[in-house]
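This report concerns only the one structure given below.
For reference, chains read A, B, C and D in written order, and residue numbers begin at 1 within each chain.
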């Protein structure tokens, strides 16, 4: 069997990122942001490989951010790791409960139900004046073991944390896909009957994957919240989830690194599109999406693979 | 009083300095952030952008009336970079960083959405860049935190609701049934809560018969209007803006909502040029400050109305006023600092120092940076009633409310002040 | 007396159609049974009921004395009753090798190994045990040349073998093959059956195979069940059953019509 | 009592509006298995088109009642131009691909149209309220309603009946049913599936535009008016059952009455009442109230 080069490549990427972040300070924010969203898209990639498209990952993205946010805002917790863990747990728990329901659905119904659920959270948050309604609220600057991660002079520490987190998640996902459970993803997408006739429960497997995706979205949301310093219910609105799906398609499911690359390109494109044509950047995004669906069904990553091949 | 003197003196000094260094002076670059797309663009974003363009050009040509007749900022030409505020807070924060890091602007002026203001303020502190909010309404910004680099030249939303309540008390002293219809998001919630508290404090006998909170951009208000009509409310408060307010007027008028009860539209002035006589007589409208039809008859206001109508052939609405006010505020602060700096180009800290507690003239009259340790402006405001005169909707029965009557004193939170002090 | 597998008085109707009427069968360990009958005679329905895909309206099914009538296909599978499909059920986007890896992976999980053995080991090639087993299966079914081709593009005969190989991955006690040679050229048929049978004997599993080709049945079956309109017309040694006049009239006679078009 | 009556009237009026915006969506899904996210943009296009056309008509001082014709014309125009453009120019290349891919394609179209509208009409609101007032008002349940609202009910009833008739009574309807049942087979039998898809999508587009055109006089036509509508229409058709005509009607009625009741009795619940129903229906009857279960075979 072929030697697995992905882990070494990922670690090399990590080193490269840390150096880049050191020499290009003004890109740290965008980079951190891209990783935060990339984590969410990584979860979406897991679902996509299982043949499921969630139009409601915003639910967990937002939930994670609010879990971290409330902890930071009302209990004054600023330790990034603690906040991220709590966010992951909160989102995971919610996904575990809602998954009982969602694991039974496929295709359009899975997408629509997940969308409806995220819109319900949106409605609840808009209602809750204590959490600032649609204005949301600010997060205190994150720290790690008492050391500040963000200051006027440098956001490098937070960037480092994000990079480590992102690469760790990518590695974990990479290995997960090589476990028997992970291998079920393409199997379920291709043929659920056969999976059942091999003695595995499709529903249980889907449930687990949904929870993993939820946890990743929760952590991603919390990381984004820390980076931006502000969170609001918009994170649960269906267009946010649509954006994640967009990025997932853009990236393609070819590699666990694709979501991060995709998110970064997306943020980059959007920034410049906004700068140069504020009135037609959606038009640009839509066109790009169509082109990719038509010409690169496997996403941008397929370009990278062609290069390798 | 002493401050009142300083400004003109400073300006004349600056004028001399200006003419001296006008030539080789580097431009003062301002990032202007307003809605250029999405629902708020029409009613708020575009008028604000127009205002900014107008003022910047006039200042660069030295075509503004006194005390702003000097070119640019103390001789430095003003350069504007426009950014779309649409797209949510996450995007705004990254756009703000781009403005500061890649465009390296000297100051940022903008933000209509309170959510964006809340998100930007701490970033402005982190990036240490002079940032002036011109419109967003939430009092939370300077009441929940204090900032060095952040200023707001527009008054808080609390002022609108309190003044609205005062106006209602004046024109409907015997009203007992009050209702509200506000958008179901922060702006709507805050506006209604302030108004409810204020009206209860001012008119203890009133009862709230219903409070409708339809979804933002819902568009269809048939059921809400029925509910308001059946509630028998004598006064209906609404902070609707833009398309929602216009839809409410269009759908409510034929159903007698505006004749059965006095409807108070706190942002109604923005719709007047567009809807004109479609806004029924007797409707109470505000402009979130002494702007538009409520603006004093001073030179700056005359200049704004004239040049705005000449270029965009429509009356300027309050966003244009507030944007003008913000840029003039920076100019005043800049030139005051320049004067204090012996005519030499002031650094940012000096500008900020002179901005704090500054008192300057705007198209809406005198603006005092009185709250939030000198970072939050207070103004008077006004409300009036719509009347149709030969095919034109005009505002009559206008009442003015001085700043100190409709704003809390320094150090007091708006919501506490509304509940206690108004009694 | 306990049989490996026993079906008692199974009834199954689909609306007006009787798919099974009072079917009773017992299966002894390492027996090889051929199921014959025209399309719609109830062969596949019987297979579906035994494997838990369909629940009988009446009657019970026992495996090693345990009632499995109500069990779900995956539970039946875990007990060691596995099946192949008339239309091969494969993971079309995965290579033949990965199809087997998935199958073996599930078996590994169901074997409930110690947590540390379950967790993916971070050393490269941690899945070698699975790999070896997969290679062995490819070897046994002589699928080496198709190892890395996506299952979706493989020729029908190969897909049939892969389908059966996946069923065997589970080390079944009872293996049900639904028309293992349908859609395959007649010269291939014997080759396929030879491989299957040798593999099955190695596993020591009892086999029930649905088959339309009487030569195949005569060649491989030690016992034949003839289905007709949901009933078992005859049950016994091949030479006896295939000689039975009723069987010749209703079952083998009915073979005139084309078989490949049949849908389960 | 009168409040209850008001709830019913408001609910039915709102339901008729919902039906207008949802029926095209469910039609397209029913035939082509495409969940058209761009539906809301077509609705907005209809509204803008109507605003421009009726606005022009009135500005020319023609007979005001002609503005109703202008509304309908705008809807037809938008549908006939954009519908075929999307179907022929884009969707047909995607047939046979995963439902989800088609969902994403329409999502991309939605993004494009949102900006296209901005580029064509700018961000200023458009207002043509004349048609709204022309028909006068009706006294009902001691409340005043514009006759226009009741006209909306009539129109959407007409639309529903017409569609039902076409689908169940005409030859084309029967052929369409065949196409829905099995595309390949009907193609093999010589049915021109291509044409039916084109016709269906165009019809759906026209219906969406009609919804927008008839809404235009009651609102101010502003950017982003389509975004809300999409999710609302989704909720309605999902509740009723994707692709089911009576389902859309029932879904609209349920949502309409529920919302009206919320507004009158518990305004606080209005915001997410709709999504709650949608989630509940999906949870307990994922195929919706009006669609049969699907069966799998080996």
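We take it that contacts are C-beta pairs under 8 Å (C-beta built on N, C-alpha and C of every residue); 3 or more make two chains touch, one makes a residue touch a chain.
Computed from a prediction, not measured in an experiment: that's the story for all the values here.
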Quiz item: Farthest chain from subunit A, comparing Cα centres?
Solution: C
Quiz item: Centre of all protein Cα atoms: which chain's centre is nearest to it?
Solution: A
Exercise. Please compute the C-alpha centroid of subunit A, do the same for subunit C, then give the distance between them in whole Å.
Key: 43
Quiz item: Taking each chain's centre as the mean position of its Cα atoms, how many Å separate subunit C from subunit D?
Solution: 50
Quiz item: So what's the Cα centroid distance for subunit B and subunit C, whole Å?
Solution: 77
Quiz item: Distance-wise, how many Å sit between the C-alpha centres of subunit A and subunit B, to the nearest whole number?
Solution: 38
Quiz prompt | Shared interface positions of subunit A, touching two or more other chains | solution = 126-127, 193, 279
Quiz prompt | subunit D, residues touching no fewer than two other chains | solution = 118, 227, 268, 271, 298
Self-check item: Multi-partner residues of subunit B (at least 2 other chains)
Solution: 36-37, 184
Exercise. Please give the residue numbers of subunit A that touch subunit B in the complex, ascending.
Key: 26, 29-30, 33, 126-127, 129, 132-138, 150-152, 224, 228-232, 234, 240, 267, 270-271, 274-275, 278-279
Quiz item: Which residues of subunit C touch subunit A in the complex?
Solution: 51, 72-75, 77-78, 82-83, 89-94, 98, 101-103, 105-110, 118-120, 122, 124-127, 130-131, 166-167, 169-170
Quiz item: Where on subunit B does subunit A make contact in their complex?
Solution: 36-37, 82-84, 86-91, 93-95, 97-98, 101-102, 114-115, 118-119, 121-123, 126-128, 138, 140, 145, 184-187, 189, 193, 216
Exercise. Under the touch definition given earlier, write down the residues of subunit D that touch subunit A in their complex.
Key: 35, 90, 93-94, 99-101, 103-105, 107-112, 114-116, 118-119, 227, 231, 234-235, 238, 242, 268, 271-272, 275-276, 278-279, 282-283, 286-287, 296, 298
Exercise. Mind listing the subunit A positions that touch subunit D in their complex?
Key: 53, 101, 104-105, 107-109, 111-113, 115-117, 119-120, 122-124, 126-127, 193, 238-239, 242, 245-246, 249, 279-283, 285-287, 289-290, 293-294
